[in-house]
Amino acid sequence: MGTASGIIRALNSGAKHLAVKRFTLRYPEEKLKFVGDGYQFDPTSGLGIAGYKGRHMLFHDKCTGCQLCSIACEGIAEAISMVKVAEDWKHNKKAIMPQIDYGKCVFCGLCVDACPFYALYMTNDYELSSFSKEGLIYTPSQLSVKPAISQDVEITISERGATHG
Amino acid sequence: MRMSNIAKQIAPGLALQKVDERIMTLNVGPQHPGSGHMRIIVQIDGDKIVACDPDPGYVHRGEEKMAEYRNYIQNIPHLERPVIHDSCNILYPYCLATEEILHIEVPERAKYVRVIAAELNRCVYTLYWLAIYGIFLGHSTMFMWPTGDRELLIDLLEKMTGARVTHAYFVPGGVRNDLPANFEDVCLRQVDYFEKRIRAYADIFYDNPILISRTRDAGTLSRQDAVRLGTTGSVLRASGVDYDIRKKEPYDCYDSLDFETSVLKSGDAYARSKVPWLDMLESCRIIRDALSKMPQSGSVRVKLKPNPKGDEMTSYKRVESGRGTLGCYVVSDGKPEPYRVKMSVGSFRNLISLPYLLKGEKLGNMPAVYWSLNYWPVEADR
Amino acid sequence: MSTIAPKFKFSEFVKSLIDNIFWIIVIATLVGLPLIMIALFYVDLPVIDGTLVTPFLALTWLSHPEVALPLVKSFMTSDMFRIMAFPGFGFAALMAAGTIFIERKMLAKMQLRVGPFYCGKIEGILQLMGDGLKLISKEIIIPAKADKPLFIAAPLLFVGAAAAFVALIPVAPGWVVADVDVGLLAVFAVIGFFPIITVLSAWSANSKFPFIGGIRALYQMVSFEIPLILSCLGVVILTGTLNLSEIAASQSVVPWIVFMPIGAIVFFICMLAELERIPFDLPEAESEIVAGWLTEFSGMMYGLVQLGSYVKLYAFSALFVLLFLGGWSGPEFWPPLEQELLEDGQTIGPISLQFPGLPLFSQEFFSAVIWFVLKTMGVMFFVLLPRGVFPRIRIDMLLQIGWYKLITLAFVNIFVALGLVYAGVIGPGGMF
Amino acid sequence: MADPTFVALSVLTIASAIAALELRSLIYGAIALMGTLGGIAGFFLLLDSPFVAMFQIAVYVGSIAVLILFTVMLVRRELIFQKVEDTRRKWAGIGLMLAAMASLGAVVISSGIDAITTAEPAVDFRDIGADFLTTYWPALIMMGLVLAGAVIGAMMLARREDIENDQRTS
Amino acid sequence: MVDVFSTPIVVMMILGAVGMALPVINVLRREQGSNTFYAAIAFGALAAAIAFVLHQLAMGYVSATDVLSGDVIADDMLGSFFAIAMLIVAVFTTISSFSYMRGKKYPAVYYSLILLSTIGMVMVAYSNDLVVLFVAWELMSIPTYVLVGFNKRDPASNEAAIKYFMFGALASAVIIYAISIAYGLTGTTDIGGVIAGLGAIDASLVPLALLSGGLFIAGFGFKMGLVPFHMWLPDTYEGSPPPVAALLAAGTKKAGFAAAIRIVVIGMAALSIDWSLALAIIAVMTMTVGNVAAIMQKSISRMLAYSSIGHAGYILIGLAVAPYSASALPGTLLHVLNHAVMKGAAFVAIAGLVVALAATHIEKLRGLGRRMPITAIGITVSLLALAGVPPLNGFWSKLVLFGAAIDAGQEVFWGPWLAIAGVLNSALSLAYYGWIIRKMYFEDEAKAPRVHEPRAVVAVMLFSIAFIVGLGVYPEPAIEFARSAAPLVGIMP
Amino acid sequence: MTNELVDFTLVSVALLCIGIYGLAVKRNALRMLFAVEIVINAANLNLVAFARFVPDSGGQTLALFSIAVAAAEVAVGLGLIIVAYRMYRDVDVAKFRTLRG
Amino acid sequence: MADQVPATSGDAPPADTPPEPAALPELDTGLRSKLESGLGDAVKVASATPGRIHIDVNSKDVVRVAEFVRDELGFDHAESVTGVDRPADSEIEVVYHLGSYTRPELGGYVMAISTRAPRQDNPDPGNDSTRLPTLREVFYSVEFHEREAFEMLGVYFDGHPDNRRLLLPEDWADLPPMRKDFAIKGR
């Protein structure tokens, strides 16, 4: 009779779950809230600051065009290339800045680790899809814009199960 | 110790020449829903498997070769690719070996953070594996529940590392960033709930009489054969061998944590499917223990020289990953790049037992036995 | 831009559709209607109530409820209506569609997810239509070495057999397509067609996985047919008839499941196996044999097989209700309408409302149908529930269950029935 | 004269009987045989014997045709389409068949059997059940023995002895 | 309604219960072997059945032969006579299988099928209704299809089975067609009713009745091995396991005669048509073809097969002259009984040969007299009896048969010619029987060692020698029994 | 009752002849089995037709028996054919030529 | 390239001077002495750290050494078989990492047996002199590992029953890819 009781217990468990809250995140309407502003790196202490590794953000006023980010990426994804910008910065005589191809980027964040000047951060933006490959290449000027993101949902755990908002 | 009779039983390779016409050759191949990224050439006679030849290599991408061209840090995002669900654990032995080569001592807090991340990642991997095991057995609820509950842990890992699956979190010398604020509370709450959830799998899955009758005595691997075939991880522990690197050769802070290894005796597909589940329960315990014993402050990373060079030496380090012992053999020739990196992965080692286990089974047992080996094709191919 | 149709623009697509529809309407009005009228001029039209029906007259009648309702009523009693719409295929297909929707939502709920959600605004209620449209628009791929006639015919035959099965199911007193004296035997005769169709389609696809699946389906259906038949014998012994309507009518007091729970359980399990539902969905075990005998079907052929299998699901559930749950019997929902309401209409203040021909159906009929549908839905729920709870079993376990356990239980059930009859408790000349 | 249903049924039955023997593919032959059996069931319905008709369908289509199809499918694919026969023998057979058909038909037509008519209602199938259990009960028992013997024998024949039943030899 | 305690029902119950129990026991015991165990059970059941039939006869519970009783099963002398003959054959088969089946697979199925087939034969003899007759006929046939093909690995056995099955299935189809016409003409399936109905049908329906009769003869003729329908017989007897061949030659064939006596003879007599000439022609053809073909055979089982075709011809003489001579049917019955024993013994001896020497070729019989003396004596006696050599029982039955034929000469001119054909054929048959005997005793192999004879075969041999010689010396009781069992059909209206 | 007995009997006779033709001409064991089935069905048709016109339940009873018997016969026959196929890898009766005397 | 520019951030001083090798535990020394006493000159201990011992063995002796290690020391399975290309020595090194399940005290211990095969510049896998005796008869678990080493480095294992490709495609016609002279595109 162990079989019968096992079957009944399984059926009971299945039926009970009809009353448990749904777990699904309804993605386009709801977006998951992330910790902080994004992944940053503190070169003095050699430690990162916890955050989501999303699209990069480039501070033009700090970038010196030293290519360290590009070199760091070379063995990994080769997503960063240095391009000329029509800007005139004192600390960036060559006027080259990173341009990132998100078709190749693996979001490891090692370029952020490599930047000694706080010029490259990562943000919480992950909605980067595009209809063309060209659309995935972000020029320095695009990278300098802070993405406007609204992320509001977190996992909440209650008596009737965990759910997203 | 005498030579096993397994060697005589398994014919060298699969005689793929023209066999008896009633024997049908099935390519449970890369496009078949029941194999993952590999091919199992199965010869069946009626409903009974007479021979089987696993054919991995469909997702081979030469990670070991690539590692010879990049320096120790740049290898990190690559080497985690084989098992992105278990990326912390697959980086773990590489980091340990590199630390030995570079002579680095890891800070105390980093050890605990590493252990927490590794255990969370083990659960993430195991849930994914369990979900596929469920769908292989035709149990669609067991596919949905673990994939849903996995979200809890992915959420935690995302808070820790900033990425949901490919974390690239471990580096030689520690981890890349400290825990976010208030992480301990969130982690405890979610892990508690998670443990409640996975205990609920028992009713519908592990105690389900149909599942038990289906996987009991399917593909039984005796203790002796498990040792001889060199299986590892849950396959080995399900056959009654108490072998866990975390206990046998404790790395980082495992020797200070309180946990048990889960061992079952019967060695069939049911036991092999239950051991990872028991492991997950232990993981919850380890995480809670580690959170309570973790130093509240301190560095989590040793600063390295830029582009560090190791000594001319070799190092072989092992950890217990979701699929068993995961060893990394690093040969250094004094250059910034490793001379040779070899991953000894559990999936690849367990694959040897597949032809042995499937021979004589029913075709209906094929998915159950195959996936109970805790096999991840991408990891085996590397 | 899509690489498949680089110039595609949705607005132009819609515009072309609207163009087509416009021209079709214009041509139909200018050419088609006159043609029809001319044709009608030469056709002998029937005489109804002493008046010769002309097209014009027919149109005017439709606007007049007192004439139109009896016409509708008479249409509703016609054989065509019964076969196509109400107790027949249309009703069954509707129930099947409802079943699919309920199955998906319920399974999603059980698995803590949402299920179909967007199509149709309200909880994805139009998802099935969307799927149907998709299947219709998909290309039908026939394998090169397949036996084409058989391969194409198999889905049609499958749906046909399911429809034949439905035709034997009474829904309310007198509402049945084919009221056969040997109804239960006819049901088994129809069930016997399914394995043949399955195995033929499997063979005709000329592919390994369908063949293995077809053979599995054959084993499964043939070996579970025997306990299925045996489990019904208890009911036949107690009622002394094979007519399904009479069997249902005989349970107006107590449904047979009270006396024969074992038979009901055996019938239910066999039903799951005949329907290839989880845990007996071996013929479609995707992790072993891709999709079993359905592997090579594509597009609407696959859709037809699915439709057929859900219609079959409805029919089996209805059969269970008829045999064990008392069919349509149950307390009436509301008292019959008063006679004067029907004749004189309702007077509210100065306005008096007339309901000519209001009772298209009687109250008993409505009550019966509602009870029947409710019970059938309940059985369907229990058919659907195991899908979320159980894994698939293995073929040797399946055959062992079928041949040893279920047949034994079915015989136990027969002896129970015989015992009841000989004890004089029930059955012919008994209490009920 | 016979009504259209009868004519259609007889054409179906006889044509599919011929097709069962003459179609190139054995599978289609088996399907045509099912047509014959179904046609016979239709005749039974015409003859007001629904019980026998349903029994015919259930047994012949439900089990015999399945068995035949199954056996045909076990046969190698090229054999299914192979048709070996002696042409002379075939024509002789056809001639013989036509002659026999003509003579037997003549016998039947000339025999005055068409004088047999009846106006009585058809037999209720419950009487058949009663017959089974009263008059013919020894035959019923023997029928059970026949079926049991056939099942035992067929299982003995079809069992394959080259498959050992144990799973592994270790 | 049939009495539950009448002879046929009890025999059916005994054998059926045991026959069904054997496979169940096999399943429960979960093993393959243990041939002797199942054989002993089967032998016990058969012995009990024979004992019961004899007991019923001795106590006088069995009614006189009566076709018109109206019951579906007639518990009469005719049936009991055949029942005894067939049960003896079944016992022979079972005993010889003791040795033949040793080491072979599925003994439980084998003995179970033998018992089932025996029930069929017995019930054919007893049945008094076409429905029962048909079902019994099938019960007799279907297990033998399996039995003939029992050696699954042996192509000869399988080929024999397929041929036998094809003809057998056609035979049963033809029989049921014949039954359908007879039923249509008379509106009943009771044999008495059919006979009465056929006696009174419209003249216009007579062609159909003839068609029915012809189909009956054809259907039964397949089993009896009459000449146009005999093609399957040699192959089947040669290919099948020898004990099964004994069952076929001595058992199912006789059941065909039983059915023929019940239906054809009596029914056709009622139809008052001169059908006996046709039967006589068939008889002559059958015996001639059988005996002539037998001379040319190289294999002893094939020779015996043709010889049994020849004997079918002798037996048919009795049927042919039945309306004209009162001793025709007793002669038939007597020869049926004798032939059952003789042919059964001969095939059992072959089974012994197959077990001991693994050969049936005639050349292998050289020196058998020394190598297997008892078997050789048994073969010799049974062959001599088959040839109708005087002091043996075959002589008496042939004497009665030919006597009846000559007796019929008073009414039909061809009666004596039948007898002459029979005598000539007997002489012809003596030639090849003698040849075998010569091979066994006079063509001696130089250093042939003595071979161990299977004990079961020896037992059968001893019994049959005793039976043959005993009835040869003292034939009166058998003749008397046959006379009492034979129905009276000579009375023409 | 618009159909007459003779019509059914004629159909039955036609089927009988077709079946016997098949048995005589065909060399494929399965086709021969088909032919046997056709003959049995012809007989069944006859039986039920006569039973309707008598009318009497005996014919239908016999038809039921014959259907059941045919099932048993087919099971055994197919078993034999399968065994033969395993040995000869063929279903052609003419290829079974072990026994030629 | 990578060695010109630091890839990691930070300019902290390197962890200098390798730490002193710790004294080996008793188990390690015991194993080492057993090895040396049991096999004598056949083995040369290349390195020994706590829990690890790495021995160099001539290819002629490798089966004998492996049997000794299995039977006397209790190592019962191979964890990995690593091929290392040494073009400088014109040799290919194959390292067997052996572990033990049956002896609990050896659970944390790994023995590496290293052996070398001659290397040819124009390899013809399976037909040239790059051969080693297989250890499959000693450790069943090396079967797939040795197949991998065969296809990746072109070391033919004499006596291995199944020297087929495992991971690489069946039509791979280039150099064995793990050799140093097989260069990744663009590097």
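Which chain is which? They are A, B, C, D, E, F and G, in the order written, and residues in each are numbered from 1.
Keep this in mind: contacts are C-beta pairs under 8 Å (C-beta built on N, C-alpha and C of every residue); 3 or more make two chains touch, one makes a residue touch a chain.
The structure presented is a predicted model; accordingly, all values stated were derived computationally and were not measured.
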| task | Select, from D-F and C-D, the pair of chains that is joined by more C-beta pairs in contact. | result | D-F
| field | From chain A, the most remote chain by mean C-alpha position | value | E
| said: Can you compute the centre-to-centre distance for chain A and chain C, using the mean CA position of each chain? Integer Å is fine. | reply: 51
| remark: chain D and chain E have mean C-alpha positions lying a whole-number Å distance apart equal to 30
| message | Based only on mean CA positions, could you tell me how far chain C sits from chain G in angstrom? | response | 67
| Roughly how far is chain D from chain G, going centre to centre by Cα mean, in whole Å? | 72
| Got the chain A residues that touch at least 2 other chains? | 7, 10, 13-14, 23-24, 46, 72, 75, 110, 113
| request: Scan chain B for residues touching two or more other chains and write them down. | output: 6, 69-71, 73-74, 141, 148, 204, 208, 210, 213, 303-304
| task | Can you tell me which residues of chain G touch two or more of the remaining chains? | result | 2, 5-10, 12
| field | chain B residues touching chain G - in the complex, by the definition given at the top | value | 1, 3-4, 6-7, 12-13, 56-57, 60, 62, 64-66, 68-71, 73-74, 102-105, 226-232, 236, 241-243, 245, 247-249, 302-308, 311, 313-314, 316, 318, 325, 327, 329, 331, 335-337, 339-340, 342, 344, 348-349, 351-352, 381
| Considering the complex alone, what residue numbers of chain A touch chain B? | 2-3, 6-7, 9-10, 12-14, 23-25, 32, 34-36, 38-39, 45-53, 72, 75-77, 106-110, 113, 122, 155, 157, 162
| Residues of chain C that touch chain B when the two form their complex | 107, 110-113, 208-209, 212, 278-279, 281-282, 285-290, 387-397
| field | Touching residues on chain F, where the partner in the complex is chain D | value | 1-11, 13-22, 24-28, 30-31, 33-35, 37-38, 41, 44-45, 48-49, 51-58, 60-61, 63-65, 67-76, 78-83, 85-86, 89-92, 94
| remark: Per the touch rule above, chain B residues touching chain C in the complex are 24, 26, 32-34, 47, 134-145, 148, 204-205, 208, 210-211, 213-214, 362-367
